[in-house]
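The following blocks contain the structures, represented as structure tokens.
Look at the two complexes coming up: chain A is in both, with chain B in one and chain C in the other.
Let's look at the complex of A and B:
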């Protein structure tokens, strides 16, 4: 649970960072919605937003169904085929955004999105067969000549270099964000790298860098961070 | 003051001239956001690239329709459903499963049908006939564990298909593959269940699970393998040697009543003839709950209409369900016991009389909600925005007090302006009642329900259609509904002339008629319908209300919507009331120029 809490706090930071960098417009909208740095005029926040938004493009947040369908689309895991995802979604969809309005997007909804992303991301970490295909083409997945999943190495083996960390990060970003190199991609790579380093430096009692399970935790964390980020849930 | 269309186009072109200078990264960002706005899910890299090129060429509308008609069904499965879902509920909630209401809206849009048919036509969309085939296991002499061999040369990497001449395999049937002296085509795994997607009599694809097979999602074959391959037939029930009796196989299966165990054919029986319980064995659970509810009700009398199971299963089990929708005759789908067996098509009003909207419109109450909900859903107007104090009150019913609190002026100022117009039209829904007591609820229709005269029983709480007679002694001189005639007082004067009434093609009068279908024709033909759809499209794509200048563009798009978009004919959007064309054009107003 400690690991999960750490991941959660890191992810919230990351999701925020990614959200603001995705188009450069969320900052303005959110800042004004919060009543800060709005130029100090006398109108209400709502009126200011209307004025600012008139004739301009708006940033929106995906609704609950759009979010889960996006997650299904980019991961390949569906509610129909995965009971854990289906159950979680059906029980918690009321906590996800109901409309596309960025102004109605709350912190609790962001947390719910994170939790849903985690349900998707833990599948390949928990099951070797799924991991083999989901991370195919990287040192974190793949199969041998007999079609069996390749074993997963501990952090000292697969997360011991910047190149290995970027292999994991870019594999997930390519899956979730697409291969086009938007300007915010580099900062996301940097933040995710920092998150991996942080997670590896804050192990719980009994966990070591020689444990495959720690690699799985990190994989699920990076996956969740990339999946619940702005470029995936905002449009 | 209204601008000419030419002037509008010129102004829009000037406003959009910035697109000539849009950078590649900005265009890519626009393409990405536009695609996700329309589809709800990320676009593929190839679609993104094509959309970027469209936007850089100043063809944002082309980029939008390319996204909608691209490889994803996201627009139809998610975006379009979410646009209208809540209007099929009294509570205006978004979280609603697929229903006949939303399926029909999607079916019309997906198939490039006139979108205004949803307000009047005798149509409803269901899953197509072929969805029943999954349960029709043929008897072609191939028994369980029969093996058929094929070579790597029979495997097409380009089309992801395998050729076995006269394979006889059908959708969803289970097979396994084995390699002999080499390796199987990648990514097929030996001795593992795969499921068939027939291409033609000689070719088929394979899916990793049954749902994928049904939705047509085939494995991507990347290698033809080596040696000799074998396909082994693994369908458990075929060995029972079932031969369909009479008519087509599909017809036979569609007529199965899965609630009656004695009706199971041999394919659903064990070797000792005991029935395989579908509830205990999901392999024989009907994909779509198709049932011959009542015999003699026409070709489509097999969709149960006191539950939503058909649409629930369609949404959850058929991932490409928008492609699998098929138009039916709505009036033939109704089948009720102890009431008229079928609805007269004069009372069918598109999705307004669907089961789902029937729940919102005709459960309890007085059926006035049928009009109020229609105005909200398809005119973007609440009843209080449609008040007309000049309309005559001759159709205002007996349950409306003409002197609330003893003051007639209260009626004149607060009641009449809504009820005069609303009661005039709502008579069209006279024969409907939504019965919540039957299973998940059924929309009943009783053309004889308003015979006779009001009784004391009808005074407080009528039953069935007589609910429209409740409180009938509140003002006994008021109108008493006896039939399904209606009057439209809004078209001949007063503020609601601005709704833009136009005579329907069939010659239906604007001012009066019989049945909901005729009323629907009048409502669907007014400018207000198109204007509402255009504004709704704008708010969905642009996530805000239009500026005053954009409102003029939106209004013009609404007019173009009525005649079709010839420049989008490549995507079939040149037909009248083409909703996909409309939302694509609307997208160009707020995308592509920043």
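Let's look at the complex of A and C:
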């Protein structure tokens, strides 16, 4: 029994020594791996702490799952209820950002986000029942007394004034960006207005301002640009 | 036991708006951006300095044009490919310094009456690196290569100990090539595997992570076409300029958002890079379309792909090769598994390597048809062991012999893995040069040395250090362009192969054309 106790004591001492040794090696590895000290223990060093706080990185990009959940949250359309979104996401999620690292945020990932945003935005543009509710309270949505979707007007009717364009823009920005008046909100309104004007001035063969198909793709374009923009996907 | 906590609304909001982000110190951020301790001066810094020099405009990133360096593809053979059975493994004198004595190549899977020491066996040199004439690799390569491809190839074998059956081997040089300037017009790196910074089976060599080289997954033509496509919206808007207008709007709103963080983000470089990423995304659709990214319509482009890949065009190799050789992507990484068959036979391992050689040959076919340079780096984890009963190497017939021996080629049965019996291989193609014009010496095609027991791990530091091995691959790739000195850029300003052993690491030379 006494022998067993001695052996146990020895093992404890040995374990303690090993622990210290491993810890020391880990510190060394961390120091070497960065080529400099990694910041170390700053808790007791106010000056060091200030330096680190002053240098906080303030920008990140959402990961693929965060992006799709954000899109679901702000649009109300979920993968579970919408097969087209589910299929598109499942097929293309590998092209979306896989981490929050802004340094690793590539151009092709930005395009993948853009395409995913379009999958969400095509629903309220193309499906009258969804449009009626998504754009409720604007001239682009709503229902009649019988609960049927109000018809969507052509650009000559619903995109024929600055006020109408801003109604569309602000409805979407409020949904996606929130109602707070950020300083970049005004420039966004200006950008999106300019985009609408450009799309309406570059009609393609077979398109007219009397067609609500043009209204639909303008709505989808504004929605996509607003949804895939930095205020939604960066943090 | 896993306890799931129901998220509160506040938690959910925090998650949706702030993700998994944690505060990062400026020092650590710059450390990460500097791509690990190996890279000094920081590649990130260099890019940013270039941007600043251009008044913070994004010309450097967007109009980078084709890389001046030849294309690179890494081929990761997961499990443990017994390439040492295929490529001629020699001693300190190189591939022709055959291991001698009885049982000389048993560990390599080759019986005494079929190894390099008998007069009837002369290594095949048609690839510019020596292989056994009855090997799976040369048989596979020959069966798939177009006539003329091998006339412009060279290569070398690297003795490299690597752990078996693990993806943890840190030997991929994928980000090193990006850091050295092998960029694509759309993206830096692509890979067939998600969840790995290399884009393939193996981990990056230690300290070589470059954030902007994080790979985009491409393992099929469909994914190749999606890499920069605008999806259905561009089809709906009909005119590409209109789609770009929408993207431009997105870009301007996003950059405005980033600019708003000015007083919060101390690192101006970050802001510029983020902005330039949006610029690049906006410019991308105008530079290409889905049909360029991978053709599907009948025509000359599709004909070439069909010819190179023998009609097997819905494959990872076709997708990766097209994007890399067309300079849309800088570096491609592809993974294939099951190389350690563990079924105890010789034939399964042989057939697996034969199929891999066919795949690799098709990559070179495409380079040949496009008249583009291509370097393929072959990596694997560990190798395969052997079976000896009553002092006799257990073998099986694997294929008809190509040698004067006639009859059958026999190779060792493969029961399991071996760390010490492994190697890495570099093969390169230049449409304008032959092997003698690419090699410093046609008899110097091996880095490191092998002995009867396996890799001589104390001979060169590449033999037992995957990070050095990765650097050595990049070193020789640079040498093909006459720029081997630039290896310093990714090694803290120091040439890791300088000194009296330099010649042992340097295989390739630049073109004087």
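Definition applied: the second predicted complex is superposed on the first by the 180 of 235 C-alpha atoms of A that agree within 3 Å, B and C clash if a C-alpha of one lies under 4 Å from a C-alpha of the other, contacts with A are read in each partner's own complex, and residues count from 1 in each chain.
The working rule: a contact is a pair of C-beta atoms (placed from the backbone, for glycine too) under 8 Å apart; a residue touches a chain by one contact, two chains touch by 3 or more.
For clarity, every value in this text was computed on a predicted model and none was experimentally measured.
One of chain B and chain C touches more residues of chain A, and that partner is C. Looking at the shared chain after the overlay, A:217 reaches chain C, while chain B stays out of its contact range. When the two complexes are overlaid on their common chain A, residue A:77 makes contact with neither chain B nor chain C.
Residue contacts after overlaying the shared chain place A:63 against chain B and chain C alike.
With both structures placed on the common chain, the touch criterion links A:101 to chain B and to chain C.
Using the contact criterion defined above for the overlaid structures, shared-chain residue A:135 touches neither chain B nor chain C, since it reaches no partner. In the superposed model, A:112 lies in contact with chain C only, and not with chain B. Of the two partner chains placed around the shared chain by superposition, chain B is the only one that A:147 touches, whereas chain C remains out of contact.
When the two structures are aligned on the shared chain, A:89 is found in touch with neither chain B nor chain C. When the shared chain is aligned, chain C comes close enough to touch A:198, but chain B does not. The residues of chain A shared by its contacts with chain B and with chain C are 54-60, 62-63, 66, 69-70, 73, 94, 98-102, 182-183, 235. Within the complex formed with chain B, the chain A residues making contact are 23, 53-60, 62-66, 69-70, 72-74, 78-81, 93-94, 98-102, 147, 176-180, 182-183, 232, 235.
Of all residues in chain C, only 15-21, 23-29, 31-33, 36-37, 40, 44, 186-188, 194-195, 206-207, 211-212, 214, 216-217, 223, 226-233, 236-239, 241-242, 245-250, 252-261, 264-267, 270, 273-274, 277-278, 280-281, 284-285, 492 touch chain A in the complex they form. For chain B in complex with chain A, the residues that touch the partner chain are 25, 28-29, 32-33, 36-37, 40-43, 45, 48, 72, 74, 77-79, 81-82, 94-95, 189-190, 209, 211, 316-317, 319, 540, 542-544, 547, 549-550, 590-591, 594. By the touch rule above, chain A contacts chain C in their complex via residues 32-36, 38-39, 51-52, 54-60, 62-63, 66, 69-70, 73, 92, 94-95, 98-112, 114-115, 118-119, 122, 182-184, 187-188, 191-192, 194-195, 198-199, 202, 204, 217, 220-221, 224-226, 228-231, 234-235.
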